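Heads up, the next two complexes both have subunit A, just with different partners, subunit B and then subunit C.
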Partner chain A sequence: MFHFKQLTEWLDAFLRQYLNEGWTLFVEFLLVGAVILTVYAVLALLLIWTERKICAFFQCRLGPTRVGPFGLLQSVADVIKILLKEIIRLNHVDQRLFRIAGFLVIIASLCTFGAIPFDKGLHAIDFNIGVFYLLAVSSLGVVGILLAGWSSNSKYTMIGAMRSGAQLISYELSCGLSLMTIVILSGTMQLSQIVEMQSTGWFIFKGGIPAIIAFVVYLIAGHAETNRGPFDLPEAESELTAGYHTEYSGIQFGFFYLAEYLNMFIIAAIAATMFLGGWMPLHVTGWDGLNQVMDYIPPVVWFFGKTFFCIFIALWVRWSFPRLRIDQLLKLEWKILMPISFVNIILMAVWVLLFN
Partner chain B sequence: MSNSALFLVVLVTAIFMVFAALYLAIWLAPKSTNPFKGEPYECGIQTRGPSWVRFKSGYYLIAILFLVFDVETVLLFPWASIFKSVGVDGLLLVSFFITILALGLVYAWKKGALEWK
Partner chain C sequence: MITLEKIQSLLPFANAVENKGDIFTTAIPADNFLEAATILKDGGFDYLRDIVGIDNGESLGVVLSISSTEHPEAIVMLKTLTVDRENPRLASVKDLWLSAALYEREVHDFFGIRFEGNPDMRRLFLRQDWKGFPLRKDYDDNLEINPIPTENEDLDALENLPEIDVNSEKSFEKQHSIFEKEEYVVNFGPQHPATHGVLHLRVSLEGEVIKKIDPNFGYIHRGIEKISEVYTYPQILHLTDRLDYLSGTINRHAVCLAVERGLELEVPERAHYIRTIIDELTRIASHLLGWGCMCMDMGAITAFVYGMRDREKIMDIFEETCGGRLMANYSTIGGVMMDLHPNFQRKVREFIPYMRKMLKEHHLLFTGNPIARGRMNGVGKLSREDAVSLGATGPVGRASGWSNDTRKKEPYAVYAKADFSEILREGGMTFDRYIIRLDEIEESLKIVEQLIDNIPEGSYSAKTKAIIKLPEGEYFQRVENARGEFCVFIDSRGDKYPYRIHFRSPSMTLVNVLKHITPGTKIADLIMLGGSLDYVIPCIDR
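Take a look at the complex of A and B:
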């Protein structure tokens, strides 16, 4: 079976033949940076196109069709357009914070992105506290959003940022608690090990009822984390124009837009990694024929298949439900999801004691 | 390669990306000045009063509650990762801990901190 680990190890050995230690590391660092940047940008373009196409089909439209085959180059055209837009310099804003806000959001999202294991050995960062790292870095985005709203000195952005901040920090709790159930089940926080342990069965099957509850809670909370779908009241178009990024123009708006789409991908990818086995193929014990057929599908395809399955669910929810009010939103988190998550942790611990 | 070095690489890549995109846009984008362009967006009406004002205290309550429960999550993660070796004893101790926290949630609930008024 082909794994990217073979490729990276071969590349490492190849570089070491010609260069000394320091230069090898330097070239590898450059390569890691270039690959991450490319994958990030390509995924963003693909996601924007996917979202527009799927949302069009939900509404019985065609979506983008003009630019390129099936409108595939539409988002490339959008990027060029956004680069060519003027960056308006506003009078009454806190200039420094105004700039830093966009940077923070995108840096947080890219640092989280680096920790996702796409394949065996295909991840930039593999901390032994991986889950912890994901939660910590992704929550930096909240600071960016709050800064953006506050520094813009406009009422729309202020209300949008406050709502967004309250929503993000509330739902982060459920996210963390539902990921914790998987940590209890696996006994490790390293993402690559968590994936390896699912070679005998995905955690959503291994963990039984508590894992399924955690998966559902994670999908709901993660969906709210991305500020979209029925939880899009931070930027409820009809009330707040564009929420916390109303005042941003040109590429500075592009940063928020890009981070929003990539956050959707990151949430889906974490769901796929933790619950659906990451890049592990589907194996059913006893069905050797099926298992061998499944092994022929490359792991990267498995990973992206699962991730896009989660993204599809998110889009489906987004275009199917009406927007919640802020009191309903907070009630859902604090009175429903939080108690469920608490009980679920104990449930999972009991499950592990009984069946492992 | 150590993970910390790789984290730094990713961080530097991210910083490089934002600055490259920003300066590319500054270089490519048109520039025009107009006294009304710098005004905050208010659907065409001039802004009345300052925007940096005291804000609804409900958000503050949510932030405080978040702080309590987030720190708790941080404390629970190490327990979760060694749960298999501590077994029943660990579960009992943590159940006690979680019960106290749940009582905190119940208290906040009864006091009406979770109601949006």
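Take a look at the complex of A and C:
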């Protein structure tokens, strides 16, 4: 079996032949950074294209078809356009905060992205508190959104930012609680170990009913975290034109746009890692033939397959449901999802005590 | 039944009551005007259709068109005038009908008549700093008096509501404002994705909750009524399509009917059938777009695309037959522009089962959606009394239980021959206004289905003279367009141009409804309620 770990170890050994400890690490950091940035950008382009195509098919349209085969180069063209666009300088905004906001959003998203295990060894940040790190870093984004809305000095962006703050902070709770359920089941917070433990069966199967409940809660709350679908109140197009990023133009707007798409990917990737086994192929204890066949499919394909499955669900929901109202949104979290999550944690603890 | 005797007994001081069909016209001295209006209101005339201003040369007058919801076929035209052209004043009837305040603002804007007691005497369509009153016959349209503006309208000018103090001896002007200084006022529009055109709503917010709302019209005002005074009747027809562009053919039908009535022209039966079918197809197209836009206002973009997709079929049928898609330009005085396309009947027959199938899909996608139901439940209650008093005709009024379908109450064209029912709902909630459009599509399909196979052979248009001169008199025609009662009022002095033409816009009252039902709701509800009322701005602005 080929694992990316072989490649990374070979690279490490190769560098160490010529360089001392410090320089090796420095070159490796640069390489990792470059790879992550590239993958981040390419994935975002791919996601934008996927969403446009899928949304088009939901709506009896064709989507992009002209630029490149199946319109594949459409998002590349869009990126070129957005890079060439003028960044409009507004007089009445708080210049410094206005500029920082976009970066904060994208930095939070990138930091989370780095912690995702794509394959064995293809994993930039892996500590023993991986899950905690994910939750901590991903919630930094809300600061950027609040700053964007506030520093724009416009009533629309202000309402958008306030809605966003209320929404993200609320749904963070359900998100965290449903991930905690899996941490109880696995007994570790290290993402690589969580994936390894699923080699005998994905947690959604191993964890039984509490894991399924946690999965559903996580999908809903995570979807709300991405500001999309029926939860797109912060940028409710028909109400607030574009919400917190109304005043942004050019690549400054592009940062928010990119982060939005990548957050969708990150949420789906975490769902895949925590519940659907990450890059781990489907194994059923006792069925060795099947297990071997499954092992022939490369882990990266497994990982992206599962992630895109979760993304597809998100898109499906987004393009079928109307938007919630702010009071309904908060009611859903505080009165429905959070009590369910609390009960579910206890349920999971009982499950672990009984069966493991 | 409302008879001449009844009206005469109600209004003893009326000079004379004339009767033409179901229209009773009476002139009242200005001093007794408010009294007469009050008597009529108490006598069951609870629906004020419109207030039309007229410049008679030496005097300025208004015509109130009033009906009773119990006997909607009868219309009372209550006239009054003032000879004071410098400082014309009339009593305001805003306490009798909720819709009156807005109509009076329009009359004031165009004729300069001040209504004593109306607290809001701002201009309605024109800029607050406009000089002169354009629909007066002695209006000077010199560009030096009103140059093309190079600066934005001062929003502070919108703040101050001039009013005439009736209690004071000298009757000086009072000024007061709508919003307090510390209120958080957000401008929705003129350019905003959810206002369905260039409507400007100033909304006072308390967090997410709406406290007060002040609509501001006129951003697409083209002065169609003024232009029409120098256009011949066939030329005016082209402007009517551009009022409520989503029910263009129906508006045009109204003007054709009014002129044909004046000319006493015999319109061939075939033309009546064609017009009715085209009108109903227009109504379906308009309701589909209205449904789609309402769904999009709630954030469901897919539903909007579904609505547009089905509307496209109707547009294709129009394109083949009329040449136009949005502006069909089809009816003419005496009939229709040209005969039906050979494919027309086949395509319409194919469309009916297709649309029925798609309606089921629309219900599946959106009507049963739990989020959609959650959003629409319990929001935006409009009671029947308010609907009547506000003059909210059409689907909005019918959703509140007011039976007001002109196609039933005063059938024109061949509606009397078609078997269809008027959809009525009792709730008056947002969901009622939502579902009534889909139900009306079904009824319209029924009408088209009955007529499409029975279009009589024969000529499609009556011969008219090259120059159409309407005999002296007043002509009034109402039709049911997709948004409510659309009326044409023509005052002819025997010329080939109308002396005064006025269109009643059903959309204008709908924006007034928005003003009444939104306080206390959330921002998201404001947008959704706007969608559920389905107003079209060019119809308001005219």
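The rule is simple: the second predicted complex is superposed on the first by the 356 of 356 C-alpha atoms of A that agree within 3 Å, B and C clash if a C-alpha of one lies under 4 Å from a C-alpha of the other, contacts with A are read in each partner's own complex, and residues count from 1 in each chain.
Operating definition for what follows: contacts are C-beta pairs under 8 Å (C-beta built on N, C-alpha and C of every residue); 3 or more make two chains touch, one makes a residue touch a chain.
Not measured: the values here are computed from a predicted model.
Engineer: Please work out whether A:241 is in contact with subunit B alone, subunit C alone, both, or neither, and reply first, second, both or neither.
Structural biologist: Once the two structures are laid over each other on A, A:241 reaches both partners.
Engineer: With both complexes overlaid on chain A, does A:156 touch subunit B (first), subunit C (second), both or neither?
Structural biologist: both
Engineer: Any idea whether subunit B or subunit C touches more of subunit A?
Structural biologist: B
Engineer: Have a look at where A:62 lands relative to subunit B and subunit C in the superposition and call it first, second, both or neither.
Structural biologist: neither
Engineer: Let me test your reading of the model: by the given contact rule, A:230 touches which partner, first (subunit B), second (subunit C), both or neither?
Structural biologist: A:230: touches subunit C, not subunit B.
Engineer: Report for A:180: first if it touches subunit B alone, second if subunit C alone, otherwise both or neither.
Structural biologist: A:180 contacts subunit B only, not subunit C.
Engineer: Kindly classify A:324 by the partners it touches after superposition: subunit B alone (first), subunit C alone (second), both, or neither?
Structural biologist: The second partner, subunit C, only.
Engineer: For A:293, decide between first (touching subunit B), second (touching subunit C), both and neither.
Structural biologist: neither
Engineer: Of the residues on subunit A, which ones does subunit B touch that subunit C also touches?
Structural biologist: Dual-contact residues (subunit A): 155-156, 241, 326-327.
Engineer: Considering the complex alone, what residue numbers of subunit A touch subunit B?
Structural biologist: Contacts found on subunit A: 25, 28-29, 32-33, 36-37, 40, 82-92, 102-103, 106-107, 110-111, 114, 124-127, 131-132, 135, 150, 152-158, 162, 165-166, 169-170, 172-173, 176-177, 180, 183-184, 187-189, 241, 246-247, 250-252, 254-255, 326-327, 330-331, 334-335, 338-339, 342, 345-346, 349-350, 352-353, 356.
Engineer: What residues of subunit C sit close enough to touch subunit A in their complex?
Structural biologist: Against subunit A, the touching part of subunit C is residues 184, 186, 192-194, 205, 208, 295-303, 305-306, 309, 365-366, 369, 371-372, 374-375, 522-525, 527.
Engineer: Show me the residue ranges of subunit A that touch subunit C in the complex, using the header's touch definition.
Structural biologist: Going by the criterion above, the answer is residues 58-61, 155-156, 159, 163, 230, 232-233, 236-241, 319-328.
Engineer: Which of the residues in subunit B come into contact with subunit A in the complex?
Structural biologist: 1, 3, 5-7, 9-18, 21-22, 24-26, 28-32, 37-43, 47, 50-52, 55-56, 58-59, 62-63, 65-66, 69-70, 73, 76-77, 80-85, 87-88, 91, 94-95, 98, 101-102, 105, 109, 114-116
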